[in-house]
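Each of the next two complexes has chain A plus one more chain, namely chain B in the first and chain C in the second.
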Partner chain A sequence: MNQYAMIIDLDRCVGCHACSIACRAEWQIPVKEGYRRNWVRRLGPAQTSRGLSYTFYPGLCNHCDHPACVDACPADPVPVTFKDVKTGKTVDMEVAATWKDPFNGTVQIDKNRCLGCGACADACPYGARYVNVELADDDSEGKADKCTFCMPRVGKGLQPACVQTCIADARIFGLRDDPKSEVAAYLKKGAKRLESKNVKIGPNVYYFGHKKDLELLDKLETPQEMPEANSRRIMLAKMLKPTLGKVAQLGIAGIAATTLIGSEDKEE
Partner chain B sequence: MKFTKSLLWCLGAAAGVGLLSMVVPQTVSAKTTMPVQKQGNGELTEYYGNTEVIVHKPIHQVFSHKKHIIGVGLDCDSCHPDIFKKKRGTAKAAGDFTMKSLEKGKYCGVCHNGDEAFGVTDKKDCITCHGSNMQPPEKVVWKKPNKAAFDHKAHVEDIGLECADCHDKIFTMKIGAAAAHGDFTMASFKKGKYCGACHNGDDAFDAQTQCDSCHFVPTKRIIFTKPVKTVVFDHKIHVGKAKILCETCHKDVFVMGSGVLSGLETFRSDDPVAKRKHLEELHEKLCGTCHNSDQAFGFQTRCTVCHIGVKGLKLMKAGAEKSDSPEQDGH
Partner chain C sequence: MNRRHFLKMSAATAAAMAVTATGDVGGGNLFRPATARAAIGPETGSMGAKEITSVCEMCFWRCPIVGKVKDGKLIKIEGNPKSPVNGTRVCARGNSGVQLVYDPDRVKTPLKRVGARGEGKWAKISWDEALGEIAHNMQQVKKKYGPHALAYFDHGASAEFMRGIFKAMGTENFTSEPAFYQCVGPAALAYLNTVGYVTTGTRQYNDMGHAKAMLLVASHIGENVHVSHVREFIQGMSNGAKLIVVDPRFSAPANKAHIYLPIRPGTDTALMLAWINYVIRNNLYDKKFVANNCEGFDQLKTEVKGYSMEWAAGICDLKIEDMKAAILELAKAAPNVNIHPGRHATWYGKGDVGRHQSYAILTALFGAVGVPGGIYFPTPVKLGKAECPEPEEVETAEADPSMKEDSEYPFSSIFGTTTRDIINAALTGKPYPVKLLGVNGVNIIQTLPNPYDTMKAIKNLDFIFCEEMMAGETALWSDIILPDSVYLERYDGLYAYDGLTPYLTVRQPVVKPMFDVKSPYWIAQNLAKKLGIKGYTCKDEEEFLNEELKGAGLTLAKLNSRGGLVTYPGNPYRDPKKLKVGTESGKIQLSVEEFDDEDLDAIPKFEPTPAPPKGYTRLVYGRAPMHTFSRTMNNLWLHNEMPENKLWLNDKVAARLSIKNDEEIILENQDGKRSNPIKVLVTPGIRPDTVFMYHGFGSKSKHLSRAYGKGAADGFLMPTVVQAPFIGAASQRTNFVRIIKDGKTLNIPELVAVPNEIPRYESKIA
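So, the complex of A and B:
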């Protein structure tokens, strides 16, 4: 398999947000809180073991080697034939509404069959997915959406929208396993994945830059735990149960409020 | 001057048209290269770049999340993780994911109890879950304890039986399950077990009649070697041409599996009268029941039709080897 991957060169990134805007424009992502395929977060300035760091975290779906979201999808599985248009090779698999492409390693969503339940979004430790509830119809509660590595553009011989638009060439897109690719060259130079002890699902967006910047990025943005299955839903369900005491409810409400505020802070 | 002016104008117009014709197809082609949704045969879904994704119709659909989440409006935590763990295949792996435990109110049976949702024992509802994933066999053929065929399709489609009429109480829904029990015999049918539950002469034809509805008429000739060496019998002639029912002979004369002939030894006696008497009795008891010069040719005539002799057997075998081997296997 030829795995598509992306390098983000933090030494080049100037934090202009052009990538996230280009993505939003290209794929008509509604302007609404939490609705995004692509983001840039400002990190620091903060002290690290190697000095003061001030950098950015441009993020997107990692198209992981072992995506947690794919297994979480509860949509009714159907047999699917994947055909590589270039070579004519076919692969038959049984998939739910989201899958890992057997030819290019990207993780894709079938919007027709997505139920909009949000299980995939909950399962992603990187928070790369969101559910567009405005697309709810008779068959769903909305549609999950995320970065597709711009496969429709790549199929036409173009670069992903964020890569093409980047004013500093901080995003590099290509085949991970092709030794001649620029991506492979960056990997040799030591580009890193955002992985931790408990989160090792093989993300294919790699970060390169000064060690202090990578240290800050790793400290702030690498997920330390795999998300617990539907902890949010379970919590909400418990809140609705009348048997719980008032104090307990208050406590849970408090936790909910703080997590909500916390997530809002992060978005900023 | 006028001429040159008009010529220039013409040229200009031509150039304009040319430019237009260059521009127009470009905009069209630009449109067609847009990442539009591809739809071929109604199966190709979205455009995923260089990978074509062809979605086929589902084969298994015992349970549909969509029906429960969107149709019924359940939440994930209605079932997860208390009733079902959130991983595909864990219920199956547990070993007790059976209709029995469902009836006891486990797994699907938590809601599907006939109260909150249709019950798992409701006859008509088997197919609601098992419709698309179970391919009911058209025919079931048992090899044990005897070869017999069952027309599943006719029972379901023509007679209109529901799955639950027979499964799982009369027949366990597993190929070869009935044959694995020791009592899958005609005698049990008589007691109302297995096929006998309906085939009692009341609800359906008596299982003790119409043998060839289920059983196969032996196609190969039987060569009896006891009490004399070479007697041939051909089922084909008797069942085919003579249209004799199986039970005509296999009721009292040649009782199946009773070993009517196995105990017979060649009768030896110096007294020709005694010998003749024995042989006459033997014939009358067996083939002579019909072959009495009344219903069929008498056993005292045309001996060689059946008694072909050792030479005749050899000849027959030599001829048969070319076509089919005369094994004694009847059923």
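So, the complex of A and C:
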């Protein structure tokens, strides 16, 4: 797997919030409490062990190595064939309504199968997901939503919207495991994950900057505990299980069609 | 969700099932809908939208942009990729222009006041009636009091066409921009007289991107966002420039500084003069450059010799070793050093021009004029001149006495009429009564210090009208409100950028105007007709833009075929041996004789501004990166990022007063004026003798449904102003506050002793 990752260079960041608004514009995220794929929090000025710090927490989905959200999804798994466009390699996987892409490592949501139960949002220690209840329909209480690393844009050769608008070029997007990438260069320079003793799920947004700023960021924003599973969600998930089996069977035909459409398009 | 609900769902899902992802390591990961029926399709975002190039006006910096339109609706704004200054980037506000167009609180039709002034009650009227009322009142006031009773406050692109109307009516008060007199004016005057050009006006010519060291004095680039500035600043920093920040508040750039000097407010000039003296005494200046290009060095040397570093350390409340380290860093980088003028300059009154003179002097001593990293020279873009956007020349009677020519502020008339003098004339009738105000693109009640005077002055007027997109405080006080079109709905003039990488671009409509709004050109044209003023002869904006483009060998169509923007080679630097600047002698003036001729200081002196009265602290303010002035607080997206301002309060002071972070308090100033409730940010990042808030909040207009009453308005705590002797700019950092919590008045403990040399402000009440 070649994991997509993002670097946030706090030495360059001025905390202007262009990123979070460009994301909102690009994906038409409604303005409502907690509705956002991308955010900036203003931290300090506060004292650190290395002097005063006034820095920022530009956050988004971390597309973790071991995403807690994916495991939390109660939707019954369906078989899906993933295909790497470059090599033609395919991987068959059973996925729920949210999964980690085996080729590029991004975490994605199938809104058509999402039940809007919110279990994934509860499971994320970074609070990167929310449920958009405006998308509630007969089939769901809404749809889980979060950053996709702008895969539809990246697929067209564009940068993620937040990266494109960043006035200070403080966001760097690319392949983590490609040693020639700028992301890899930042990792060598010591870009850090927001991880703690009890929260080690391999987030792929990395923060670079002065030690005092990273200290304040870590102190205020690194989650210290994995969220406890919400009992209501578990109950709901259990209740849904039997019916979901049928859905999975019915779904197979749909998936075959999808793969076909996908390959046709690529030949254009 | 219950089981029945879920079963119903599964049937629907069967038809609309499944998505797969095909991993594309090289850059394409495609999402596909299963079938078209009821499925949520793949996200396309703003991709595939129609793209129209234009120019931003969420602030006056005017970055080149692209509007992205789907189904006739503007959905996103990006930077124009052809732009050498911002490329595809726009700031938070630039991104949020979308929500200005679709703000439900916009002024939608011409309005006529039906309640009392300030009440905000209006009736809808037609354009014909509205322009008729304005024309009638302009003529009546002119007939009754003479042409000079008419005055115009303007700001921004949309205000320029109407300026011609006031000029044609014969008033001398056709420009009195708060953006000049209450902002960059003192700085512009200082640089004009020292280095011979306005280094810092609407544009700024500071080459931060190539600087090896930079000095910011309370300038908070990054919180104050103009995209090209931020980019040049970050470019300089990432190239390893040393940054010195002088500010009573630990700002965003202070966080990036190598040396941070938390100066006592009001003492910046003391620090600058001590540094200048130190640079001269220790031979840290560029002798060749000074000998070849500067005048007045000997006078300067004599004048500053009393300002020692030891003395300044006490006055400024700074550590002498930090002060020395800072000036040595700056000297080491010379001539590639940027002594940044900041922008907003009207702080303390008398010393504001001198403070900026001292920046210009230090720049010259380091030879940082016309070299990479220093201040540079603009490269004008050659354009044509269309006659049609203006009224025909009219002969105007000179005012006697003239508010401009007989002003007690000898340098005010270079640019227009002092903003504060217009308010005074409306208040007192002296030197003659001002009885009609046109206000365009500026919310004078939030912008000018002492809004109480501004409101009183408005009460004295026979007539006031404004052109506004949103009904802020000034609209509340207006007799007629003309709905302004948003910059995304209209044409304006050409935008020629004369900075490091010159370019030419044009604003053009991205979407059709919403509601019953008209373009500024149409408004001026039709008002001119009502007034019988000849001119504005072009059919529309396209015609005059084509006229103006002729000089550049372009047409609107040609410009659009080239991505809406063309670039030119820049010529920013000069050979120091052949330097000739725009002063009369062609030399840089370290001592300004023109000031001396008016009995003002030729070389700046330090005169302390009074310290807070006992029990009070000084109120300062600044910019938030997601807001412009007081005009964006109602914007859906920007409001969502920062709905209110907070009061920055020193942590030790807060502990003494038992105030906790995020607690709500009220501020009371030295004259008993009180603020809206405001939350407190308890932080070590501000001095104990200073409090700070972001400007523009605390709207008093109920017509701004999101912004109304959110946070506190700094201006309403500023009734005390000192008019500076150069241009009559009114000071904005000469007011003091204490805190009211749960109805109890809390005096601010004085944790930093005030030196005897600094007098104390004498409060009328405390």
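General remarks:
In this section, the second predicted complex is superposed on the first by the 230 of 268 C-alpha atoms of A that agree within 3 Å, B and C clash if a C-alpha of one lies under 4 Å from a C-alpha of the other, contacts with A are read in each partner's own complex, and residues count from 1 in each chain.
The working rule: a contact is a pair of C-beta atoms (placed from the backbone, for glycine too) under 8 Å apart; a residue touches a chain by one contact, two chains touch by 3 or more.
It should be emphasised that the depicted structure is a prediction, and the values quoted were computed from it without experimental measurement.
In the superposition on chain A, no contact is made by A:98 with either chain B or chain C.
Of the two partner chains placed by the overlay, chain B and chain C both lie in contact with A:138. With both structures placed on the common chain, the touch criterion links A:48 to neither chain B nor chain C. When the shared chain is aligned, chain B and chain C each come close enough to touch A:78. Contacts of A:11 after superposition: chain C is touched, whereas chain B is not reached. Once the two complexes are laid over each other on the shared chain, residue contacts for A:156 go to chain B and to chain C alike. After overlaying the two complexes on the shared chain, residue contacts for A:20 are found with chain C alone; chain B is out of touch. Touch criterion met: A:175 reaches chain C, while chain B stays clear of it. Between chain B and chain C, C contacts the larger number of chain A residues.
Using the contact criterion defined above for the overlaid structures, shared-chain residue A:62 touches neither chain B nor chain C, since it reaches no partner. Taken together, the two complexes place residues 78, 80-86, 101-104, 106, 108, 110-113, 115, 117, 138-141, 148, 151-156 of chain A in contact with chain B and also with chain C.
Partner chain B is touched in their complex by these residues of chain A: 71-72, 74-86, 101-104, 106, 108, 110-113, 115, 117, 119, 138-141, 148, 151-156, 229-230, 233-234, 237. Contacts from chain C toward chain A in the complex involve residues 1, 3, 5-10, 12-14, 16-35, 39-40, 42-47, 75-79, 86, 88-92, 94-96, 98, 221-223, 225, 227, 230-231, 234, 237-238, 250-256, 260, 625-626, 636-638, 640-642, 683-686. On chain B, the positions that touch chain A within their shared complex are 33, 35, 45-61, 63-66, 69-70, 75-77, 80-81, 86-88.
Chain A meets chain C in the complex at residues 2, 11-12, 14-18, 20-22, 24-28, 31, 40, 44-47, 52-55, 78, 80-87, 91, 99, 101-104, 106, 108, 110-113, 115-117, 135, 137-141, 143, 148, 150-158, 161, 164-170, 175, 213, 236, 239-240, 243-244, 246-247, 250-251, 253-255, 257-259, 261-262, 265-266.
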